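Chain lettering (A, B, C, D, E and F) follows the sequence in which the chains are written, and residue indices restart at 1 in each chain.
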Amino acid sequence: MKKYNVGIIGYSWAAGAHIEAINQTSLAQVTAICSSRNLNSKEISAKHGGTIKCYTDLAEMLADPELHIISICSYPAEHAEQAIMAAKAGKHLIIEKPVALSWEDCLAVQSAVESAGVRTCVCFECRFSSQLETTKAIIDKGLLGKIHYGEVDYYHGVGPWYGQFRWNIKKEAAGSSLLSAGCHALDALLFLMGNDVESVHSLATYSANEDFAKYEYPTTSVSVLKFDGGRIGKVSSVIDCLQPYYFHIHLIGSEGSLLDNKFYSTQMGGLNKNKWSELSMKMLDSGDVSDHPYQKQFETFFQAIDENKEMPLTSLTDALHTHEVLFAADQSAEQNG
Amino acid sequence: MKKYNVGIIGYSWAAGAHIEAINQTSLAQVTAICSSRNLNSKEISAKHGGTIKCYTDLAEMLADPELHIISICSYPAEHAEQAIMAAKAGKHLIIEKPVALSWEDCLAVQSAVESAGVRTCVCFECRFSSQLETTKAIIDKGLLGKIHYGEVDYYHGVGPWYGQFRWNIKKEAAGSSLLSAGCHALDALLFLMGNDVESVHSLATYSANEDFAKYEYPTTSVSVLKFDGGRIGKVSSVIDCLQPYYFHIHLIGSEGSLLDNKFYSTQMGGLNKNKWSELSMKMLDSGDVSDHPYQKQFETFFQAIDENKEMPLTSLTDALHTHEVLFAADQSAEQNG
Amino acid sequence: MKKYNVGIIGYSWAAGAHIEAINQTSLAQVTAICSSRNLNSKEISAKHGGTIKCYTDLAEMLADPELHIISICSYPAEHAEQAIMAAKAGKHLIIEKPVALSWEDCLAVQSAVESAGVRTCVCFECRFSSQLETTKAIIDKGLLGKIHYGEVDYYHGVGPWYGQFRWNIKKEAAGSSLLSAGCHALDALLFLMGNDVESVHSLATYSANEDFAKYEYPTTSVSVLKFDGGRIGKVSSVIDCLQPYYFHIHLIGSEGSLLDNKFYSTQMGGLNKNKWSELSMKMLDSGDVSDHPYQKQFETFFQAIDENKEMPLTSLTDALHTHEVLFAADQSAEQNG
Amino acid sequence: MKKYNVGIIGYSWAAGAHIEAINQTSLAQVTAICSSRNLNSKEISAKHGGTIKCYTDLAEMLADPELHIISICSYPAEHAEQAIMAAKAGKHLIIEKPVALSWEDCLAVQSAVESAGVRTCVCFECRFSSQLETTKAIIDKGLLGKIHYGEVDYYHGVGPWYGQFRWNIKKEAAGSSLLSAGCHALDALLFLMGNDVESVHSLATYSANEDFAKYEYPTTSVSVLKFDGGRIGKVSSVIDCLQPYYFHIHLIGSEGSLLDNKFYSTQMGGLNKNKWSELSMKMLDSGDVSDHPYQKQFETFFQAIDENKEMPLTSLTDALHTHEVLFAADQSAEQNG
Amino acid sequence: MKKYNVGIIGYSWAAGAHIEAINQTSLAQVTAICSSRNLNSKEISAKHGGTIKCYTDLAEMLADPELHIISICSYPAEHAEQAIMAAKAGKHLIIEKPVALSWEDCLAVQSAVESAGVRTCVCFECRFSSQLETTKAIIDKGLLGKIHYGEVDYYHGVGPWYGQFRWNIKKEAAGSSLLSAGCHALDALLFLMGNDVESVHSLATYSANEDFAKYEYPTTSVSVLKFDGGRIGKVSSVIDCLQPYYFHIHLIGSEGSLLDNKFYSTQMGGLNKNKWSELSMKMLDSGDVSDHPYQKQFETFFQAIDENKEMPLTSLTDALHTHEVLFAADQSAEQNG
Amino acid sequence: MKKYNVGIIGYSWAAGAHIEAINQTSLAQVTAICSSRNLNSKEISAKHGGTIKCYTDLAEMLADPELHIISICSYPAEHAEQAIMAAKAGKHLIIEKPVALSWEDCLAVQSAVESAGVRTCVCFECRFSSQLETTKAIIDKGLLGKIHYGEVDYYHGVGPWYGQFRWNIKKEAAGSSLLSAGCHALDALLFLMGNDVESVHSLATYSANEDFAKYEYPTTSVSVLKFDGGRIGKVSSVIDCLQPYYFHIHLIGSEGSLLDNKFYSTQMGGLNKNKWSELSMKMLDSGDVSDHPYQKQFETFFQAIDENKEMPLTSLTDALHTHEVLFAADQSAEQNG
């Protein structure tokens, strides 16, 4: 047996990815699942390995002292309440994004976590991807100098062909284009440019395509952000496009630029300024959660718990910076609507 | 002798491109140049072909009844006054962008042109480029459906290595990042998405690079636009980057997307949605005016004069739509600064 | 249970592809197989899913009133007789190509089908491929104008390394290069240029390679076709080559050309005429039946049955146009031999 | 002074290419031109180098005993008569293709040449191109085994944008699609597969494009050829297409295939049969005569004269093989029209 | 049952590859395994197919008269002794490289094999790879002329992420960089340039990387070889690099060069000397034994046994040429250390 | 007039490149040439610009007090003596490589330069190329860690098609493969790995190609070098190959590798180790001196003179390190011959 036992809330698409990733880490395994559906423990255990106890009552699962960590993979609207319950039960928390559907609920989660003194990891797992790790290294090596303009955008058509489309189209379930998916782009922008956002201005709109007409909220939005010192950022969140998945990053700095997997830098000898150099890395080119770097994120989280220190990069504190800007953006879009 | 004689104002970098392009059309030739420098008619004629008379006094040149068309290639700050003088003298007008450095001056030019009943062509020549012609055809064929989000951006580092850098850094000479160069991107966005802009919000900033520190105005700006019906557009104008020239176009429509020379459309049988199809066209990949499609624009203009009809695509009326939004964007950036 | 039950004749390579594709449609499943081999129903059911009854006597299988559709995957020489039997039994028909090994037999099948009033689908499934769907859309959008010359060719070395080589080499079993495989290319040409063929002239030959010496008929043929209005077509059928599989399409029209996945059109703004644009699509680049678009074809067929209308694109009527030209080509080749 | 003096007949586009290429050889120079236009010897000499005497009367030029070789670059309809005159005058002959516009005239030229005992070089210069030299070497090394099927095609839109379009559209001036241009493809096929053609069958047609409507003869033709031993060839000649220039070669042999610059061979160890190997060579990808390998052809011709032996590859005898098939093809097309 | 039974010594990573490859040949199957671990015959048989008897005592296994061939996949230090035992038992031998860890032991194996009159196959299986087969064919066709300089190098970082790293780091277990892995490169050089090596000079060194610090011997070596007639060769063996796997081959001959999958030759008509032609072949681009061409090598070996003739390319005699040079190289490196 | 006047010795191919490059710098111009040929000052001045005085007597040219710098572009055998004369005359020195044909002569030059106190620049201009500048920056940024193995090689077929072939084939004129050309590769290796070479071992050989048979010295050599601390280097110099020009660089370090324009580094976040990243830079891919970065080198030299400091990268001191190893390598090759 590995050191930590994890209980999952919700038995969704994301949950499947969490279970597989958690079981592949060196420190933890999934031993409990709580779902509104009546799951068969035997079947579930056989499917995922180990022994997994299945619950329909969350309080019951949280009462198990052998469970050290709770991973929340339920519908977004349930995240906050469940996170607060689990924190109060003294469990460390993995929370699928978003943390909550309102800023008030986010603050409530934060408060519960602080009171309970538990560790947290919010699934902005893209920060652990090859693409963002390399991009961050390029910046940290000084190859781009000081960045004064940055764009990170999310283009991914989430139509009827997607499993979560069923509930993702509801406003009370998914919230907004940014909340339901584009938050990864906004989070990446803050990761790369800093959290010191001074203002945000957003616009949002709809596609004329019939498939996307089922959405109860605008499926495309664009936000421009002003950072401390006058630096500028921009995030588009487009879940109603018909094209290849595209996680677009363009950073303009005083010593060079980075565009997706390409860069130019004055700091690398005699590079050709008129033709991009190319970095070989695994791009964020899929919306499929099974392609996402969950395992690396969870391994890091379990190590942090083990060493009794704060989760790097994606703690609740990190994630709330992103959520605060996100809710401000959605509010701006509504006002400008 | 071809049918129309053209007099050039200013003997700049742009003027060189105008002269060559005009002389290659089927209907017109350059026969006069007015410059503050004392040019030698013989040398200038030998260099450009034909017989070119050189003036230092504009009124004198305009007094020549043999001149049918005036092309204004002087500093931007002089455009408006010279355009008004030439219109009053009954000359048809070619005006290098921008038309003027303020919206008031634009309106004054418009008024003079209307009074004089002369024809006009403003150098938003990119509308005649292979890239924009093909992009427009893709839209007109319905391959993208209805476009609800569009980005057109201008990335071109205009540093000390550029001839016009000398005066381009001055606020009263060049105006802003958009006015001095990025207007081509804004103009393209309106060309592709329509003129019915309802609001614009902009932010602007500076690079920390020493070379670009000489600019008296912010060299990077981003603007988000709201069009009639809630459609959204976005324009970045970046003249302080260190990277390959990039005229970025990304259009999201109800039936497909276009990204630079790539597209996907539901309207083309069984295209692969996960891999872009590629259009072979001449991209706008250079800030060098000698690469710009002036000749096609001028040929079209001379034909329009000959057929006594409005210049298509780049008449003063067309151009003023773009200027109006541009000045609104610059004002917004200043307020948000 | 889905709505329609399908019985398969023959348990060959093609049959395997049919069964898998039929079971993946929304309207039908395979419930019976008739083979000269004594198959075990239990094993077969376990392998393919559902409950499959196995017969060795065709009349017996056809007598089952629960069977609605018969799919003929036997040796080509048996197709016609079995199709007639099944039609007489009132079953709708899926027929693997070719329909028969002579034009007379084709007509007999047609007559039986018409008398019985059953629906038909002949496996020219390439018409449902991404490549041909997109190519047809390009034509239908007018991008090529009027096509006056078209080539569709089939290059696929069918040697001892291929399962069906064993019987494919026999003249009475496979017929000719066109009948055994190249008919897909001829069918595609008629699909793209029309059925109105006025004459055909063919030549056929053999490879000097030892492996291909086992063929009892010429393994390479070329045919030139004259269409109504003087348009010209050409089909090569080469099953004795040593090279990558190649389904070559080259169409010359009054407004552009298409070469495989590449095109140029005057109707798309300013495309570069000297460099092909490229369509991203799944090419017909394999002779493996498991790569062929059977499922889409069968889904369409079952929908057509359900709506009581003619199968689009690959009904017996459509297929007989191709067969008529094919037999004329083979006759011409023999005369010119 | 180099050893041989050449007189040019006609001062056309092709003549320009001949003059430049001849003057770059080691053995000859152009010293005379005969044109219907009154050319100025001084200007012409200055332009091309050396001393060039200009004539309007052919007999006069031919009377010059210092002239050793005559290059015929006039309109095709004049070739035969001029060749006969020059041969009678004892001059060696360079003849631009075609040799004549009828087979009878070809035979008359042959007869005159034989009587006079002069050397000949007909401009099927593509045989000296990197592409055909390499393709021939691939065959000669046995990499393709015995070729049983070969296609060589000529795709080149010769429209109003081409200088020779003016006269090329006339039937009596240019003859046919094959005669005016496609003969290079037919000649290449015979070069690669042999001269032993037993029969030819052709079809010809027109484009519906307005620009090409000016042609007095069918602008697209396809011919299938039967060679000794049953081998098959096919030549398309298309001068009314809108696409990149394409000299298409596809050879199918008993040990491999060659497609343009790609090949597979069983004779090269463990090459991958499913992916082409690629030859780096200068492709025939332009109809511009200045891109054609004239110099190598002429150098070879002058060496042959110098060594008093037959011109290799493109002697009149070689060329007449191609012409004989060509006229048979055109006759077939007319009969099948 | 196929004709030959094979017994495996050692149940390692390599053994797995041997078993799978042997069982896929047409002439032999694995029927016995001898391992220091107590293997369960039933499990092992189920895993690999057929009936496999498991031994822990080698003498016992060798006593089985039904076993015809022994494949030695144990630790390198055990190869020699086991080979001698098996030869004495009259078994034909497959020996994983290296044959032994000293030249003396190699000679002892050779002596035992000669006395016993058994057939041998040493696993320099790369000689049967697509890359080396094609490269050899290029040479044998004369495309490179006479080779006077050749480089074959092995770049493959064998760090903690590799299974065999555990024992590969020990000097007494693995010997040297060349012995443990780079011998494939040295063997390929001799295969391509001949066995007539006159002298070798080597240098060896270590990486400063912590992971590679665990090696007890130098992990990088370079050797220069002088062949008969003054020809030169060079082999680098680098198992401490951080980069993609690279089996580098560069051959310089009197008529051309080959660089990996690229070549130029004067013997192929008019190839472009300034741009490489490219061969499509399966490159040696992985250190994973399951990617190696064992099956082809073993099929060849079993055929040789069946026809009672010497194994081509990789007999013990062939392999000892390589080993002799290898030990000389390692000795030279030590002297120069 | 710019500040420094330069006199050129020799009017060769290299001289042409020097003159053009010197005249394009900001600080110097060519004002004198000394050649054994009687040059016409007027013509030479017209050709190169400015006023150039032509000499046949070196002493006379050196006597001109207006000349500040001498650039030695004569035959290699004359370099040393002329350099000593010029140094004694108090001129700063540009010396084409090699400095001399023996180490003794190198030392004599060094001694003269030290006595005279003049500044020196030896034409190892590749150190100023985009490729080597970027490669050095990669190393200096620590991206490769500590380099323990490096290869730099020179592949360039110098045959009869090359101007300098005439004298390059003579041993007393050109010396050796390394001296005549490959020294650029050796110099680059020392630039990248340091000057602390402890030993060198070389082999040399000849091509069997007829064209290269005219060389009086071995045209291919390979050298292995041992650096301080046991690091290893290797240089091939091949001037008798038939292939594209190739300046091959492969560096193996403790944190990554660089291969030509490709690299992998553990220091750049999550780069893919199995696929190279690519640097966009101007490669050393031509032996043509007009492609070499002379201008940058000379500009740097004139600045160094102006600031009265040592020339960076290519001073005589730097160059002599390379020459010392080079002569040792040639001596080793001779001993091992």
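The criterion applied here is as follows: contacts are C-beta pairs under 8 Å (C-beta built on N, C-alpha and C of every residue); 3 or more make two chains touch, one makes a residue touch a chain.
By chain, UniProt protein names: A, B, C, D, E, F = Gfo/Idh/MocA family oxidoreductase.
Note that the structure is a prediction, hence the values are computed from the model and not measured.
*Asks:* Which neighbours does chain A have in common with chain D?
*Replies:* none
*Asks:* Under the over-half criterion for shared residue numbers, do copies chain A and chain F use the same patch or different patches to meet?
*Replies:* Same: when the shared numbers are divided by all numbers used, the fraction is over half.
*Asks:* Taking CA centroids for every chain, report which one is farthest away from chain C.
*Replies:* F
*Asks:* Please pick, from D-E, A-F or A-B, the pair whose interface repeats that of C-D, with more than half of the contact pairs identical by residue number.
*Replies:* More than half of the contact pairs of C-D reappear in A-B.
*Asks:* How many angstrom between the C-alpha centroids of chain F and chain D?
*Replies:* Result: the chain centres lie 48 Å from each other.
*Asks:* With centres defined as the mean C-alpha position, give me the chain E-chain F separation in Å.
*Replies:* So the centroids are 42 Å from each other.
*Asks:* Scan chain C for residues touching two or more other chains and write them down.
*Replies:* In chain C, the residues touching two or more other chains are 264, 275-276.
*Asks:* Chain sequence round the ring, chain A first and chain B second?
*Replies:* A, B, C, D, E, F
*Asks:* Which residues, counting only chain C, touch chain D once they are in their complex?
*Replies:* Within the complex, chain C contacts chain D at residues 145-146, 148-149, 151, 155, 199, 201, 203-209, 212, 220, 222, 224, 226, 230-232, 234, 236, 238, 240-246, 252-257, 259, 264-266, 273-276, 336-337.
*Asks:* Can you name the residues of chain C that touch chain B in the complex?
*Replies:* Those residues of chain C that touch chain B are 129-131, 133-138, 141, 264, 267-272, 275-282.
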